[in-house]
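First chain A sits with chain B, and in the next complex the same chain sits with chain C.
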Partner chain A sequence: MKRKIERFNPFVYMIRSLFGMFIIVMISLISLILLSYFLSATPKRTIYYFFSGPFSSLYAFGNMINDAIPLIIGGLGVSLAFRAGNMNIGGEGQVYTGALIATIVAIALEGFGEIGVVLSIFLAMAASGLLAGFSGYLKAKWNTNELITTFLVSNAMILIVNYLISGPFVDPLTNLISTRQIPEVAELTLVLPPSNLNTSLVTALAAVFIIHALMYRSKTGFELRMYGNNNKFAMYAGISHTYYQIMPMFVSGAMYGLSGAMAIFGTYHAVIKEFSVGLGWNALAVALIARYRPFAVIPAALFFAYIDSGAHSAMLYSDVTFELSSIVQATVFFLVSSVTLQRLGLGKRRV
Partner chain B sequence: MSVLLSLLTSAITIMTPLLLAATGGLFTELSGMLNIALEGLMLVGAFASIVGTYYSQSIVIGILIGIMSSMILASIMASITLYLKANVFITGLATNLFASGITVVLSFHLFNNKGVIAFDKMPPIPRLFEGLADKIPIVGHIFFGHTFFTYLSIILLIVASLLIYNTPFGFRLRAAGLYKKSLTTIGLSTKKYRFIAFLLSAVYASIAGAMLSVNLGAFVPNITSGKGWIALVVIFLGQKKPLGLLIASFIFGFSEAFSNYAQGLWDIPSEFILALPYVFTLVAIILFSIYDFNKKRVE
Partner chain C sequence: MSHVLEMIDVTKMYQETQRIANHKVNLELNRGEILSLAGENGAGKTTLMKILYGLIPFDEGTIIIDGKKQNIKNPIAAQRLGIGMVHQHFMLVDEFSVAQNVVLGNEITTKGLFYDSKKNNKRVAQLIDEHNFTIHAEDKVARLSVGEKQQVEILKMLYRDIRILILDEPTATLTIQEITSLFANLRRLKKRGVSIILITHKIHEIKEISDRVCIMRAGEMIGCYETRNVDESFISKIMMGDMRTKIEKSPLKRSREAILSLKSVTVMRRHQTQPLLDDINIELFGGEILGCAGISGNGLGQLESILLGALPLSKGEITYHDELLSTTHQRATTRKLGLPFVPSDRLYIGSSLEATVSENMIATSRENFFPPFGIQKKKIYQHTSSLIKDYDIKATPHQLIGTLSGGNIQKVILAREIEKIKDLIICSEVTWGLDVGSALFVHKKIVELRNTGVGVLLLSSNLDEILSLSDRLLIFSRGSIVAHFNETEIPHLTKEQLGPYLLGKATKGLNR
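Up next is the complex of A and B:
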């Protein structure tokens, strides 16, 4: 049998493989338009402000990018863990814990200047890393399902952090349930005033390069991906089972901790009760949409931030509620892992 | 002694929604799909049931509306997962995200309120065997006089158990989970059985949700607060067997009842008390996995 051999063109392949993602995004946006007609008395106004809101001012635009930063950092960690075949769904608790540790250490080490700030970030990463690493350890030692343990540890931690910020570390001077403000030396510089966009953007971009290098340009990354693809094969090849159960989990937890610390130092300047609700889940979603590729995490996070920002502006200028964004995000989420849709542009696969 | 009795009584109330949701999850679990959407299916069931009850003034119609809504969501999830070949874990997360969004959006749309919606003029919830509860000393109040949801959960557990172990349907369902190709080789569709499993889990989860909201007479955003996840833990802890589910959900109900009791007894911060069920479950899961690990090693 003769078969025409096409020359592999990476550019055409990329366009074709993006076609499915384009369809998915379109479906979710169409569902938004339909929902606006159903829920809103002024659907055109709602849709207009939803789509144009994030670009309507420097303030909205900067805030949108700023919202994407913790999602990028958290999503990178999840990508690494997933690539090693580990699921870390405890992001919510890890972000929250990291934020608290960073804040109290930064306040305690105020006298040490920049060294104190750097130390507080490292301690936040270590604390969140240990939370996730604990689940990795259990998996390595007794094959305990890490999906369940990360979730349980995270939920318990959220409650404990809630206690700590409303009890021992509460700031008596505000009406909010929150800790004291971090020292001025720890506050990151604003990049695009009046918006909240700050220099944590640099951290996020640097993290993308570092995680990419770790995953694709290092021996560790090669072994990690091998372990994730087929752990039995990797073990026959002499790759440490224990190490690749614990290390990726630790790193993913540490990245969540970093994203919590960056959100505090850059934007919030104090741990306010439940400030990070949804951040862990959204970072997980971002990693899934990016299909665990570090560079793809950036547009995925921006897309999520855009939906959130659009919903905010639609809420301000029209009659819908902010939770509309989670419906649109859920639609993307529903379809994003569909193999059938992803391969739409690629044609039938010959096996 | 009376403390223990009241603990047991409230343990049974707390375990009921967990048992219902876990039984629903058992169908999908046995068909070989990890159904983390229980939480979302419960939430939609809770919302639709109480809104349905409020408008129809009938608990039965309300629950049926809840079941319908939950099944619609489950069928969307199942068709995307099975026919568009999506990852079940991700579509499950999507279902949860969608459920928490749609309930708030709809409650804002219908009642112009995003917070707690308290419904007045709700039909009363029938309590069963209240006469027996007073007649039988000591244990009477533990087993009798609960709302009908509690007895329904036991009946539905028995139904599920009969369905799974004593019908061709249940046999095929388990076959789909054990070895996918076993069904294909005799000309049956694995997808069909998995789809039905999703629908069944939606029915159970939505009744569990209905119990939360209708019992309270109000809808609170995120009223399920992790109960769907705990139901999943109950399935694993109960070794995927109906009797195991009963025991595991009781352990969970008791630990929560105990932490509620302990809160009044000692001066412990309420957050620690709320964290106790998670810690209990964590310890249980770890001990169970150590036991399982050692057993496998001996074999």
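Up next is the complex of A and C:
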């Protein structure tokens, strides 16, 4: 009997799976173009500066990449947690907490030089990790919904950090609500002056490799994905439920903490009130767009940063407000949650 | 001449797996006939019928209804053409009444707005009378038995004036009495001119009910025959492509020490006095197949759950050699220990549908493929490929396991578990839903294992399987073991003789 069996081609599959994402990005960019005609008196100018702005100078280009760094780091954590079937939506509070812990520890340990800096990063990761891990623990213990607990804990932490930086840790020498500046030893080197792009880029890229290796090239990652795919099967295969409810949450929190610390050491040099607003959510959106694959997190984060940067330049050189970027990002965020759109290139699922 | 339905050269390839499910398939259906569509799992029967019912699009071919070429895009279009399908898994709203379920989507309303329950009930009651069904229009569906729910599904179709009725393995979950009444109903429908297509792989039912049988194999239509002109062995031969062979067992060589033992294992349900498992004692030795049989709901399910560690014991203990696996109020650690286990729920417990074949293959022996740092991709690929070859699984290592047919998924699970056997394997409903060829393959494997000294604990509600494989046999009824048969008694046992024990009306050989 003759039967044509073609081999499963992963490359073709990848291209086809990207098609849906391409459509989503196109829809959001087209909506941007249409909006410009409504919102702007000089729509062509707006569109021109929106798209070309990020590449108009080294300064703009460097800043765009710099903006992507915390999104990459945060997005990696979300991806890992989601692969284990856990959702961490407390990124906002975890970034903010990580930033504060990194800052005050770095200031306190100024006398220890580099060791103090490294320690402050680890403590920031541990603190944010514990915040998210706590939700994982509650889930393992009482089967609470981590979607709700991460969000609630995060909101509480935002208020607590706000209090701490406007009270106990406030810098009396500035007019901002902000902590003191971190010691010079903790400031990361700029790599593309005059832009803010700094060596935290190396951390982000290293994190991509590490998280990828953890997820796809280790036994832990294998167990984690099996647990996320089907926890009954995981139980049958002797995979610990408790561990994979807590560990991935801890790691995702720690990654958020790291992204907060990197933002401070690389760019802000002090915790300014609400400096990180939106970072947690955007990292979540980045993970969604990347569909929880570590290497895809990089282009997804760059895309988000590009939109932000484009809106900045359009705001400077034309007559629109910065909210334009939020609209585009919101459109992507909304569309990306549609499984149908995402699977557009893959054809119908077998019934 | 007057075919109600013709399918010509229908071809369908599943894009994701590049698997040809139907290749130039032709099918004709006469008015008022019962046609069996037979074939092994994965032969393409269900795909062909789903195409006809508009559930999946096809690549090439023509469908002609009443002499007119039709393009059936979805089930609603199919129903408009008079085609209806009853799925293996019912699609009913449990909280609704029979009448509400039947009319759902086509309700009789007052002023085009309000559900008129009186008229609807009357219409459905009339329909039930017309077809001599045994259900009542006002009964809640949740309270019906499986056979009665199936009647509701059939009624749903009749209410929509269906002339071509497709039934997907309708007898799979029915009792013998329910099957008898289903067949009586089908014969009545046939007399009224309804054409019926039965998807099945039970050969004796094909002979009993159908006028013609069409047999598919590996996506192709092999042939259609008048049922009265062919016998059962011919049908099975065509279905499998080769003849059946009998399983040879070597003389029993039982080990001296028990491998697995359960001592007075009891499982209580909260707030109830009748235990789900009552003082169960089992000793499994090496080199034997110990069968555990029972009608569903009599304790086999709980036995599987406690062995899986999904359910804690209320009392008793389980040991593996000298190692205590669980005792009072504990869950068994069989899974952490990784004892080979083929669970009855192969789709949700035995495999991870979203993972690839190779990921499923290594899941229970993963420590062999992950050195302290990294992963041995080559070793995984070779391991999976060789198992795929040894077990004749129709799959590639990187394919998602959810795209395989049920029989092939079960082979993946078996391959994985058999591969890591030391001296014991636990199998539950190991051939449930498999076609003749796959079932025979599985049975041979199990006997092979037993011949090499492995202890096999075989939980099954399939009496043919239990009787042809077991060396010793335990019968479960209402949570207790009511009978024990040894190797000298089993060869003389028949299914009928087991009846009273299964129903808990007799006991035997319990003094061991």
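By our rule, the second predicted complex is superposed on the first by the 333 of 351 C-alpha atoms of A that agree within 3 Å, B and C clash if a C-alpha of one lies under 4 Å from a C-alpha of the other, contacts with A are read in each partner's own complex, and residues count from 1 in each chain.
We adopt the following convention: a contact is a pair of C-beta atoms (placed from the backbone, for glycine too) under 8 Å apart; a residue touches a chain by one contact, two chains touch by 3 or more.
Predicted model, so just to flag it, every value in this text is computed and none were measured.
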| item | value |
| --- | --- |
| Which of chain B and chain C A:Ser218 touches, first, second, both or neither | second |
| First, second, both or neither for A:Ala314, with chain B first and chain C second | neither |
| Partner chain in contact with A:Ala237 - chain B first, chain C second, else both or neither | second |
| Touched partner set for A:Ala330, first chain B, second chain C, both or neither | first |
| Partner chain in contact with A:Met226 - chain B first, chain C second, else both or neither | second |
| Comparison of chain B and chain C by chain A residues contacted | B |
| Which superposed partner A:Thr340 touches (first chain B, second chain C, both, neither) | first |
| Partner chain(s) touched by A:Tyr163 [first = chain B, second = chain C, both, neither] | first |
| Contacts on chain A seen with chain B and repeated with chain C across the two complexes | none |
| Chain A contact footprint on chain C (complex, rising order) | 14-20, 23, 50, 55-57, 218-220, 308-310, 335-338, 341, 343, 345, 348-355, 359, 362-364, 366-367, 370, 373-375, 396, 398-399, 403 |
| Contact set on chain A toward chain C in their complex | 1, 3-8, 10, 213, 216-219, 222-223, 225-226, 229-230, 232-238, 346-351 |
| Residue ranges of chain B in contact with chain A within the complex | 76-77, 80, 83-87, 89-91, 93-95, 97-98, 100-102, 104-105, 108-109, 114, 226, 229, 232-233, 236, 269, 271-272, 274-275, 278-279, 281-282, 285-286, 289-290, 292-293 |
| In the complex with chain B, residue positions of chain A that touch it | 35, 39, 87, 138, 142-145, 148-149, 151-153, 155-156, 159-160, 162-163, 166-167, 281, 284-285, 288, 320-321, 323-327, 329-331, 333-341 |
